[in-house]
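Lettered A, B, C, D, E and F in written order, each chain numbered from 1.
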């Protein structure tokens, strides 16, 4: 029983230290990474399109829909995004 | 052989009785359920949208398409539903 | 070692002969098939719609989009195909 | 010359000559493909089944499902061992079919595509889904007389349930060696419903009966109540229905439970849209491919080309006919005792074969009276016929397995 | 009479009478369905879990998950044998859950739906995802005092990680017999975050603290750098993050590795769109259905209706509260030593429960000052809280399994 | 101090120091990720493979695939035991890859995305898919001279088939210990086809040959027939083609059979749309993720960092080059004996690597004559090259496994 408790306490110490160290390294590593990319790759060279969880339609359809809405609303309407229901 | 036949007959009796009882209970239970909901929850309080097997497009796209078609047909055309092919 | 090499050589002979025979039969069989279908089933009797890897939208939506684009471009624009991104 | 001999030994021609019946099976596969593709007989199932027959009967292809025996002990091997010893088709068969997994998963998709609305609107008609199960048990008795044992006879009879996953599930549990012909018979006769129902109707129903107009009857003897909150009702109904069936016939839970879970995630709506998509598309489509291919692959010349297959084909047809006749008779008997008449076509659709049977019944009614739309009424007994045969399957499995 | 007796024996009523506690479990299932459907408590998980409870507790349905014991040796059976001896629900459970497969697969989907953008823009705030793990370990200690062994106590504590897949994965590895109640507690409290966070905030935070405006602080003490190439950063970040976490806490690789793979295929964009769809839709939706149903099916009357369950419910609640309080305290301590103040609500969202916690925190802030939008800031600690609890789970599994 | 030591032992640093070659593997993973993401080398496969390498080589992560040995007897364990003893990555590998399941499933998707139209329109050109398999067998012979045994040599040679699933399937069957490098070599060289084909063409083809205009040849020596019913032809063709290949080379059925089933459900059209979606999206995308991750996870430092890997890299390259050269030579030889000339680029595309090789050939032709569009012609030999290498794989497996 007592040893269970002491083990639980040790687990808490190790666990919280681990979490803190990991997130510290993530924050610091992320920071280094940002600086590195800012310095050496300031502009994107690879494809710009990222998989968005929400985009339902291809850019092509999007353009068509936008054109349709613009026309239908006399230029007043617009579409920002087409989301999945 | 004879016992096989008699077992088959017993199976028929039990099987048909089961089917009749189950559907009787379903009809009666369903009826009670309808009356219960009519009495205590006459109006829907939960989200109205149900997963339809046929709806291909979100309401938002639907609205856009409807607008486009209205415009394109000078207000004569309309869309009722967009079905999966 | 020597026997491994001779086995490898035999494999090459059998393998290449197999590939040639199979593709020969495919070419000849395909040719017979084309002639057969041209002769006995010159016109399609079964449903015309094939699953295309590229078609994103149903014919119905396609028609709507086409109408919208025609309208939006004053009859100048058109859509050939709507491809998956 | 050695090389030419090796080349010949590699091909399938040697085996094909020593086992010429395989050619008959290949021809059967082509016929089934023709029926599925050109005649549109349940193409979603018949095409994969036919292709499975094709793959299984190429000599040397290693794609035929091998029956589990005392000697090979396949069903005690790990799936890795099965794949190594008997190939991927056996792996898929023993993992997905022999375990009974796929039929409930397909039933989940069926549930997600089923709308209980018409049944709830005409709840009493659901009762006629019961009488139309009589074909199952009649053929069961007949089959025992022909020498089938009880399990085989039950698997044969369940074809009369006119429901694919139910027939396959029952066959897996009671007579896996008959799975192939039973599945093909079930799906073929479901595709032939537009022929079978009119045939039985012609013999059993008078023109006057066909012209019974349900809507007019409703006007003459109106419903006492309307449904005020269909949305709530449709959500609660599968839960209640599942509970009732499960308590009365627990052995039908694998089928009915998954059916109603699929229906529930549909009716809950956008909150469970991901689950609905998984049930009605992802899982169902994938399960259909694997079910079709593996069921087809169970059919080899030595198991299929037997007199049993002929009996299955005949018995399945009889089961359909008797079920339809049973449903019609039940409606006629009801009409004797009630003022408000029911069109006996509503009894016929208790067969299930959703929604084809309802459409066929509707077409017949319209042919005699172009204003007599009975589709919504027929759907009620039609859908309850699915429950009915699942319950019948549960009873059979409960007593025989 | 023989037939009537057979009929009765076929039904579940006999067993229900001899084992009346099943009725309580059925009622529990109905309550959970009500919470999931009408109250919208995490419906994607709670509805399948509840339906699993329902299916498992129909007597005779054969859908209950049976624990692995020395005697039945289930986990040494092949899946074909498991399906034959114990039905498809056990087959699915032992194949997908007992193996620990589904939680990482769901994490892959979570990764594909996670945007690390807000975290990268406010990277320092990510550090507050650490303090909010204190509830896990505090409750672990408390549970050992109540007589739970270390493994059980750890599985109980991990509820405080406020992350479903992590809690389930840890419970599978350390205390599979407590899986059901732990999963339900985790998802229920995640659904109750809009109640729990305001409660803790009310006690622990002053109005002045709630009104700390992050955007104004940013203007007073501006960032030194901007991110010039977010696209490249978002692609490289999951790779680097994964490497760092894997080297520091290798036992968290199954969770964190799959999470970051999912995120990577999202960020790469159209080149990996097929993988993104598989991770975020196909695999995730399917895994969610099977996870829910099988986890629900682990709950039978004799394992659920014990005092342990009550402790899990209480302990889970405490774990949530203490984690939130820990996050708030960490932010307060930070504010003592720094000029640039942080709204302690950002600490509270370190709990995880993404993105609900962030929305709740934002709502609280807006309630006191309608211009104080903190959502983007809260998302940083919120997402890092997911990493935090996965690391905590890794540590627990590493030392205890 | 005890705690610090425990903390250190939990991390991967200790193992990394004692096994520093893992670091090389991690670097390899980063290079592969770079090639897949930034250089767009077959990203759908290389990114998951690279991530699999990463996961497998984190010390202590437990994600490395362990070879099956006499001692550990992994392939006789149940998948539940494998997951328990060796983690989920081994479970996935032994269940999905070792069984040979995934390559046929991916081939089903490939079939569903393949259009046989161009091949049917230029059927004779399909014959050039044969000559371009010579690289497979040449490298097989070369590899035996370097000391590889026949099975390994065959697995190495099949890289020259320029078809991912075929190469992986053959490697699984004949030399699973070389699976990782073979898969990477196959996909990398397929990605490098835009470099390799022009290189070989430059050496082997004159400008005059490159300028052979297929359309003009068609006008000079017109086709005798047109295809009147392409729809029917496309439906019947996969069935006939499958039957022919299956009877001639039965061991290629798992690959070719699934390929043509996928193609059939595509061509049947809307009736089998659900099956088409399952084959081309659901199953294919899911299989791609698991194939990539697990193949990547087979690569650990001690198996990968050997001289064999170097030979595979070199041999794979040679196999590609020789196959392309073989195809070109075949077309040249044909041109000697026929008036109607064929552009030897059509021979080069017999390699397969669909459709990249055709596009590259088309670009080369257009570079020399901007009106010389050969894409449709190249697609014919290109697609038949897939059949060709599947047949070659079937022969190798038939004689060697």
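For the reader, a short list of remarks on this structure follows.
One rule holds in what follows: contacts are C-beta pairs under 8 Å (C-beta built on N, C-alpha and C of every residue); 3 or more make two chains touch, one makes a residue touch a chain.
Just so it is clear, the model here is predicted, and its values are computed rather than measured.
Between A-E and the choices B-E, B-D or C-D, the pair with more than half the same contact pairs by residue number is B-D. On a Cα centroid basis, the chain most remote from chain E in this structure is C.
Averaging Cα atoms per chain gives one point for each, and the point farthest from that of chain B is the centre of F.
Separation between the centroids of chain D and chain F, computed from CA atoms only, is 40 Å. Centre-to-centre separation of chain A and chain F, using mean CA positions: 33 Å.
Look at where the CA atoms of chain C average out and do the same for chain F: the two points lie 19 Å apart. Shown for chain E are the residues that touch two or more other chains, namely 6, 10, 37, 78-79, 235, 248-249, 265, 268, 270-273, 282, 395, 399.
Touching of two or more other chains is recorded for residues 14, 18, 45-46, 49, 65, 68, 71, 85 of chain C. Chain C makes touch with chain F in their complex at residues 4-5, 7-9, 11-12, 14-16, 18-27, 29-31, 33-35, 37-38, 41-51, 53.
Of all the residues in chain C, the ones that touch chain D in their complex are 10, 13-14, 17-18, 45-46.
Looking at the complex, you find that chain E touches chain D at residues 6, 10-13, 16, 26, 30, 33, 37, 40, 43-44, 47-48, 51, 54-55, 58-63, 78-81, 83-84, 87-88, 91-92, 281-282, 284-286, 288-289, 293.
Of all the residues in chain F, the ones that touch chain D in their complex are 75-79, 94-95, 98-101, 104, 235, 239, 242-243, 246-251, 253-254, 257, 261, 264-265, 268, 271-272, 274-275, 277-279, 282-283, 395, 398-399.
Residues 3, 6-7, 10, 37-38 of chain E are the ones touching chain B in the complex.
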